[in-house]
Amino acid sequence: MWGEKMTGNNFDVNYEMVSGDIIKRAEKIALILMDVDGVLTDGTLFYLPGPNGDAIEFKGFNSHDGLGLHFCHAAGIKTGVISGRDSFATTERARMLKMTYVYQGHLKKIPSYEEILQDCQLPNEAVAFIGDDFTDVPLFNRVGLACAVANARPEVKQQAHYVTAQTGGNGAVREVVEIVLKARGFWPPILKQYELIESAKIS
Amino acid sequence: MWGEKMTGNNFDVNYEMVSGDIIKRAEKIALILMDVDGVLTDGTLFYLPGPNGDAIEFKGFNSHDGLGLHFCHAAGIKTGVISGRDSFATTERARMLKMTYVYQGHLKKIPSYEEILQDCQLPNEAVAFIGDDFTDVPLFNRVGLACAVANARPEVKQQAHYVTAQTGGNGAVREVVEIVLKARGFWPPILKQYELIESAKIS
Amino acid sequence: MWGEKMTGNNFDVNYEMVSGDIIKRAEKIALILMDVDGVLTDGTLFYLPGPNGDAIEFKGFNSHDGLGLHFCHAAGIKTGVISGRDSFATTERARMLKMTYVYQGHLKKIPSYEEILQDCQLPNEAVAFIGDDFTDVPLFNRVGLACAVANARPEVKQQAHYVTAQTGGNGAVREVVEIVLKARGFWPPILKQYELIESAKIS
Amino acid sequence: MWGEKMTGNNFDVNYEMVSGDIIKRAEKIALILMDVDGVLTDGTLFYLPGPNGDAIEFKGFNSHDGLGLHFCHAAGIKTGVISGRDSFATTERARMLKMTYVYQGHLKKIPSYEEILQDCQLPNEAVAFIGDDFTDVPLFNRVGLACAVANARPEVKQQAHYVTAQTGGNGAVREVVEIVLKARGFWPPILKQYELIESAKIS
C-alpha cells in the first residue's frame, strides 16, 4: 500500500511515547478546559461588517477536534472554553459540540476558572487546560495537566506538562482528548463502536 | 526548465507505484462515495451568524477535485457524499458538481450507504469510499476500495486499502478519481480531449 | 542579520537561473492571461448562502500578485483572466486590479482566447498564459509563453515552457510578471521608483 | 516531555541570536508602524458582495500579534498601520487593538508617515516599520528599525535591518514587538504579570 507512510500536514502522534508522568496526570482528568484562538483554531481572526455596521469576527474550527470532544462527552468527561475574546463563532461551536462551560471576554482567566471549579466541584488535579499564549499560564500553574499546543509561544511551552505534536485548529485538542480517554480506559469501547477492533481487518 | 521539480504544496502522485491489488479493486468501481469534512475539505469549519441569528457553517472545497468529479460523471461513474454534518456549503458544492447522492447529518453512515446501494443496484465491490475519521470505518469494512486521505486519523489509515498522498481539500479526491479512471480505461480519452496526447508536445 | 536566510512559506525565486529560452519568449510578451482557481488563488472555493438563497462563491487572492499586475499595467503590458467558473470575487478582483480581459464561465477556453486576440490584435507569441489544470492545456499549446504553477497537475507541468517556484495564490503570478518585466527591460525603473536602487543602501 | 521540540508551523525565535546592532536600534523605538497585507495578514484577500452590490474585502489577522500589540500599548509604545488598501477589516482590527495611527488607501506611504511624525513629534530613529513589498521600501530608508517579514519580496529583505523568522499573519509582528519590548526593558514585568517568572516552575 504505497503512500501509507505519507501523512501530509498531519503528524501521526505515537501514544506509546507519551511519558508515564503524563499518563498518571491524565488518569485523574474529569474536565478538559481550553483556550479558543490558537488552540481550537490556528489563531487567525477574520472580520466582516454586520448588518448594523458592527464587526462580525469569525474563525476556523477543526472537524477532528469536534469528534474528539463528542467522544469525551459520551464518556462523561466534561469540556469547556475560557477565552479572552467574545465571539459568535465560539459560542456557536461550543453549543454545537455540547461543551459544558463557555467563558469569553476576560483576559484574566483565573476568576472564570474558579467559577467553573465551584460549579463542578472538582479539584485542580481533575482538570486539564490547553493553551497557547501568556494569558493561559496562570491556569497552567493550577491545573493537573497543562498542555501547550505546538504553535504556543516558547515561554508557554516551557510551563506546560505536555506539548502537543499537532497545532491548534489542526488536531491539537483531539490529541489531548485521546491521551485522556486512553489513560481513563475509555479508548477500547470507542474503537469497538467504530469497528476498529473486533472487526475483521480488511486486507 | 528550472523549477520543474519544485512542486510547492502539491505532491505529484506517481501512479506507476500504485499496487496491483489497488488497480484490481479500482477496475470494478462504478460509484465513488466520500465523506466531506477532512476529505473534500481540509477539515476546517467556519461559522457566521445568519439573518435569523442561526449559524451558517461554511468551508473550503478544491478546484482540482471539482474537475476530477466532472471527469467521473462524463465517464458514467456516479459520485456522492455521506457526511455527519448538514451544511448549505456541502449541498451547494454537490449540486454544482452534479453528484448523484447527498446524505448529510448522520454520524452513523451505514443506513445511508444501504439506501444508496438499494437505489443504484450495485454490489459492495463496485463502490469506493474516501474517509478520514472513525465514523468512516464501518463503510471501509464494506466497500470494494476503501481510501483514507493523507490527513486521516492513524487508525483509519490502518483500515484502508489505499492512503492518498494528497490531503483532504488539497487534491485527495482527485487522486482517487484518477486511479479509478485509469483502471477503468477512461484516462486516454480525457488526455486526448484536453490535447495532452496526440498534440504536438510544445518545446 | 539573523533570520535573513529563513523565508517561511515564501520560496525566493532566483531569476538568474531562468533559462535563456524562457527569457527569449518573455521578451515578446505584451499580454499576460491567466486562469483563476489554483493560479490567482490556491484553488480553494468557499460557499455562503446569498440573500435570495443563491450561493455566493468566494476565494482568496494574493497581495503580491496584485502589486505585480499593477506594475504590468503601468508598463503597458495588458492582463486578463479566462476562467471556467463565473464568480463575483473574480469580477471584483479583476476590476480592482484594472485587468483588461475578464472571461468567465467557459470550460472550453479557446473561443475566449480567440476573441481576445481579435480584440488586441496580438500574435500568439506576444501572449503568456498561466494555468494549473487540464482545461488550460489547449491554451498552452498556442501561446508564446506557457506557465504552469507549482501546484499544477503533473501532466500540465509537462506541457508548460515554465513551471513557477511559487504556488497559486501565493505569488505564482507575481513570479511570471517579474520574468516578463525583466525580459522587457521594465525592471530597473520600477526598482528606482521604489528606492530599491540609486538609494543609499541602509546598513 | 515528548513533543517538546516539535513546533509545528511555529518557528521558535531565539532572541539571544538577535544581533547587537538590532538591539541598539530597538532600544530607541517608541512607535511601531506596519503595513497590513502580508504583514498583519498572510497577504490573502477575500471578496464578498455587500448589501449594495459593493464588494467587501476581508482577511485574516493573528491572535499572537494581537496580544503583542496589547503588551506594547500597556508599555506606552504606540503603534499604527500604513496600508495601500482601504478595508473595513483593517479599520476594525486596528480599533479593537487600540492602535493610534490608521492610514489606508495610499500606495505612496511617505506623506502618511510624515503626518504621523508631525503628530507624535518623534524622530526617525524612534520609529520601527514592518513591511513586505516594494511600496514599503521608501519607509525602510527612513526609519530607525526597518523589518521585513519572512514572506517579504527578496529585494525588500535586502533593504531591511531585520528579517523576521515568522511570516506575516503568523506571528511576524509579535516577533518585532518582543524584540522592542526586550530592548526597552519592558519584558520582565510582562513575564511576571503572567506568572512566567517568580512563580514556582511546574514540573
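Going by the order they are written in, the chains are A, B, C and D; count residues from 1 in each one.
Simple rule for what comes next: a contact is a pair of C-beta atoms (placed from the backbone, for glycine too) under 8 Å apart; a residue touches a chain by one contact, two chains touch by 3 or more.
Owing to the predicted nature of the structure, the values given are computational and were not obtained by experimental measurement.
With steps allowed only between chains in touch, the distance from chain B over to chain D comes to 2. The centroid of the Cα atoms in chain B and the matching centroid in chain C are 29 Å apart. Annotation for chain D: residues touching 2 or more other chains are 13, 46, 48, 170. Interchain contacts close the chains into one ring where each touches exactly two others, per the touch definition above. Note for the complex: chain B touches chain A at residues 11, 13, 17-19, 22, 37-38, 42-49, 55, 85, 132-135, 137-138, 140-141, 146, 149-155, 157, 159-167, 170. Chain contact summary for the complex, chain B toward chain C: residues 1-4, 6-10, 12-13, 46, 48, 50, 56, 58-64, 66-67, 88-89, 92-93, 96, 169-170, 190-191, 194-196, 199-202.
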